[in-house]
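Both complexes below contain chain A, partnered by chain B and then by chain C.
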Partner chain A sequence: MGEYDGVKVENIFNTMEKRFISLGALGVDAVIGYKITGDHGGTWKLTISDGTMDLQVVQGALEGCTTEIIADAEAFVGVNVGKFSVADAMAGGRLSIEGDATVIGNILPKIFLPFIEDIAGGEQGEELICLSCVPTIRQRFATGPVMGKWLKGLGEKKFYANRCPKCGRTQTPPREICADCRVRCTEFAQVGPGGTVTLIDKVMFASPDPLTGKVRSTPYAMIFMVLDGCTPGDSFSHELKRSDIDRIQSGMKVRPVWAEERTGGYNDLLYFEIDQ
Partner chain B sequence: MTICKETKKDCFVVEGKMSLPNQYFAGRVGSKFIISLRDAHRILGVKCTTCNKVFVPPREYCERCMEKLDEQWVELGDEGMVTNYTVVLYNDRHLPRQAPYILAMIKIDGADTPFPHIVEGIDAGEMKTGLRVRAVYAEKTTHTIRDIDHFEPV
Partner chain C sequence: MGKRNRNVGIIGIGQTEYSSHKEDQNQPEMVNQAVRRGLADAGIGLDQVDCIIHGNMELFEMVHQPDMWHVLGSGAYGKEQLRITTGGTTGATLVCAADNLVASGVYDVVMAIGLEKLQEGNTTGGITNMADPLWFRNLQTGALSGTAASKVIDEFGADRSKRAAMNYRITMDKHACLNPRAHRRLGLEYDQIESLMASSPRLVGELQLIHMCSQSDGACVMIFASEEKAKALSDKPVWIRDHITVHREESYNIYGLEVPETTHHYAAQALFKRNGIPNPLEYFDVFEMYDPSAWWGLDWIREFLLLEDDEHLKLMEEGALKMDGKLPLNPSGGVTASNPIGATAMLRAAEAALQVRGDAGGHQIQKDVKHALASGFGGTMWTVLIMLEKELGWQEVDHG
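So, the complex of A and B:
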């Protein structure tokens, strides 16, 4: 007894230095006493200060601790190897805490890596190959005259869709060819600036921007809208102002918000906001 | 449809650069194959006993009958045959050699599947399918198939 799955109390304490995370202990000042009863039990005093740890075996009484953990050996090890939680051990009357109990949840997990049993001796571990790399892909996006006109229009706070001579559909942003008729669209039509929302996409988990590596803060929302003057079904999507995310509903009117300094590129259009 | 020569009006180019951090896990079977190339300079395959087929590089399951192959390893030699090839004529910093170089499908003796690798030591003009080749191992390891540096004609 006094152990759990072959792991003894002394294994937990012997590995504390190895498992210690100095950075997690910066700014932490605590003196934690351990009173472990039963076989292989004992008394230890752990002093954390200034990003360092000092563990001492104590003969006799514990003194000067800000927290004291009292447990039987089997329960103490069981909690440390993750077999059951501190709460379970406490509920079972096998572990109690005196003094500052917040140390258990707030401090200890930050300053010690979890105890993992070493497979010392015995079978050699299998080597598994993992290759890490960061490929860089250079790219050139050439606008052509049609996308170029759209982007130039953004610089002028204008939206230029184009209209198909055959079916009369608008396309926002404009495309060289009508997607339905496959006919060249040469006529531009100024649309918007406001529009009507059709669909809303609230994003809770953002993937990193491939150009900057930065992750947008979440939640953010994309809206699909039909700009005024566009044919039905010709929807255009863009980001919604963050403070409008909770209010937005399909059917609402929105208007664009432009950047102060515009260069005739996609950064000129910041987002859309609800048009009261 | 006539192709018009577009004017340059409103056209411009945006340059960008995407960084894609990425990790490739060879897996248990893949790792054993690479480690054998790296440490023992030996090409390994796995054999499906149902289909009587040897896969090089090895895979965990037979593609046809789904037999588990990860305990059925076969040791093969360094020689084989070119089943097909191409000559790479363009340069890119992601490619293993300067153009022109020969990229061939090589079936090691005893294997039933070929794999691609570089063939060096023969002019592109003289290259042919059926050519007998032998593996030449790399000086420095990369923990990849390129621990075989290339194949040369026997």
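So, the complex of A and C:
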């Protein structure tokens, strides 16, 4: 089955010239080879040269390509009609890229309109208009007295947990009540500053930092730990020192590293580091 | 659940196809497609619907009052309409709310609409940006987490666990390939277990891209009617037997040296106890589970079915969760295949109901489906669990 919803490999290639955006290709020089296997497969060579394109059907081996895209026919069409992403196709072992992979994400979307099946029998519609803007919204959240005590404590390099008067568990950060027992927790205890690691989440996916708008650099590790003096079920989490990522294991002792200037917030703690 | 005032049947189901993006439809048009299909399936007109409940996660598309815009597609103008937004469980909460509204006697026929167009927003950004502002917003990475993988690997070793998780993912993909509406149908084979483990990009810890759910566009509609109306309007209504919703406080504190009972386990034991079901694995004929990743899905089989030790891994390894297995899991392909978030948890109940009716098409289980289980899951760990029945006359709920 070399097609998806009636769209064949040849439909993608036959419409390339029509979908080509000459302006988007100004200053671009790339030679992209396509090796499509399976039904309706074949080999194509696309040459982009400063605002022009040239597509050739190739008999035999591809030569002189800066990027080669190897895919089965169904996956190739699926990606082009938006049925699934390049990342999905790659993850499934259906599509691979040799040579300069940045062409896929950075160049091709700028020089070709997306393939849209001509279901209405009319002309290709205009491209979606995209407006980009970066809004900045100033928000202020009240901490309440309980979280306020915790945050103030950080400024003094101290961790204040609170304790449930009924079940005895500690809570870090402290919470207004014990949700299990539904009673107020008014007794505070200084805990830590060291702790024992219980779980490590090593993050490779670069997500946006909501407080700066910048993409977080990876890898980083978020660690769960039980601070010294806390009850065993009370886990606390923060970031691990990046140079410790390869060494960290569950059960290890860690200690906090504090910021020079502290303002009573999350960033008063730079990170935790291995303490053994 | 309190005492049921009257029984409620599912009489209509309408779904769009699920896809990574739907640039050919705007949101009301997508809603309209599901509404038309749902009404046609029920064989009724909009004039017979007393109330419409609408659900999506508006922070993902960042459109306020989506229920008002979507009136263009739902036909809700001039009708009673409520909106529900409970994160991942939105679709399941819609089912519970519709059931409660009809069972209570307030309305005879309720239409529930769950939808999402994730392509039009940024899901991970939405989740991260809206996490608890005082502390955890600094730590959150959307719905991505390697904690489930770490937990399973700590207990059963890396090799067995990683194979079971990939086995799970491939089984789900095989099911999705039978479902023409499913978004991701990758055509994975069991002999790819090792190559996928080696090649799929790592997101967090042992959570790889291939394990994770998709981000999909799509809508689902379900129509609910009182017993009297359901019997009059439908040849094969599917009955809602019971459901439970369990919340806990934020979940960041559940990874200590002692781990509390999960909301899934709590929900399952409470629901099955009050319904007199000692062995859910024997009782249910199908389970549509909200599985946000292959790792979570694998781990949660044990929680929901109240299994012990490695029983859940054995079920996976023995093929008991495949289409023709002892308890088919997600014949639809589940959430790793299709995930239009506001509809996702409703799809679990809708797909389970289609199995009970025998109308699932290419992914219909071959054996008779009398008892179905459907679960919903929400972001920082909460649970909705729903039981469906083919026939009325089950053992009454124990309200003790």
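Convention: the second predicted complex is superposed on the first by the 138 of 276 C-alpha atoms of A that agree within 3 Å, B and C clash if a C-alpha of one lies under 4 Å from a C-alpha of the other, contacts with A are read in each partner's own complex, and residues count from 1 in each chain.
Criterion: a residue touches a chain if its C-beta (ideal position, glycine included) is under 8 Å from a C-beta of that chain, and two chains touch if they have at least 3 such contacts.
The shown structure was predicted, so the numbers you read here are calculated from the model rather than taken from an experiment.
A.B. asks: Could you let me know whether more residues of chain A are touched by chain B or by chain C?
C.D. replies: C
A.B. asks: Answer with first, second, both or neither: which of chain B and chain C does A:Ser250 touch in the superposed model?
C.D. replies: Once the two structures are laid over each other on A, A:Ser250 reaches chain C alone.
A.B. asks: Thinking of the overlay built on chain A, is A:Leu128 touched by chain B (first), by chain C (second), by both, or by neither?
C.D. replies: Both partners, chain B and chain C.
A.B. asks: A:Phe205 contacts which: chain B (first), chain C (second), both, neither?
C.D. replies: The second partner, chain C, only.
A.B. asks: Report for A:Gly60: first if it touches chain B alone, second if chain C alone, otherwise both or neither.
C.D. replies: neither
A.B. asks: Where does A:Thr143 make contact in the superposed view: on chain B (first), on chain C (second), on both, or on neither?
C.D. replies: both
A.B. asks: Between chain B and chain C, whom does A:Lys152 touch in the aligned arrangement: first, second, both, or neither?
C.D. replies: first
A.B. asks: Looking at A:Phe224, would you say it contacts chain B, chain C, both, or neither? Reply first, second, both or neither.
C.D. replies: Second partner only.
A.B. asks: Can you list the residues of chain A that touch chain B in one structure and chain C in the other?
C.D. replies: 128, 139, 141, 143, 151, 210-211.
A.B. asks: Could you list, by residue number, the parts of chain B that touch chain A in their complex?
C.D. replies: 6-28, 30-31, 34-35, 94, 143-144
A.B. asks: Give every residue of chain A touching chain B within the complex, in rising order.
C.D. replies: By the definition above, chain A touches chain B via 126-146, 148-149, 151-152, 210-211, 213, 265.
A.B. asks: In the complex, go through chain A and note every residue touching chain C.
C.D. replies: For this pair, the touching residues of chain A are 74, 82-85, 87-94, 114, 116, 119, 128, 139, 141, 143, 147, 151, 171-173, 175, 179, 196, 198-205, 207-208, 210-211, 222, 224, 226, 232-239, 250, 266-267.
A.B. asks: Over in the complex, which chain C residues touch chain A? Could you list them?
C.D. replies: Going through chain C, the ones touching chain A are 19-21, 23-24, 124-125, 128-129, 131, 133-135, 137-142, 144-147, 150-151, 154, 173, 183-184, 186-188, 192, 195-196, 199-205, 208-210, 214, 248-249, 252-260.
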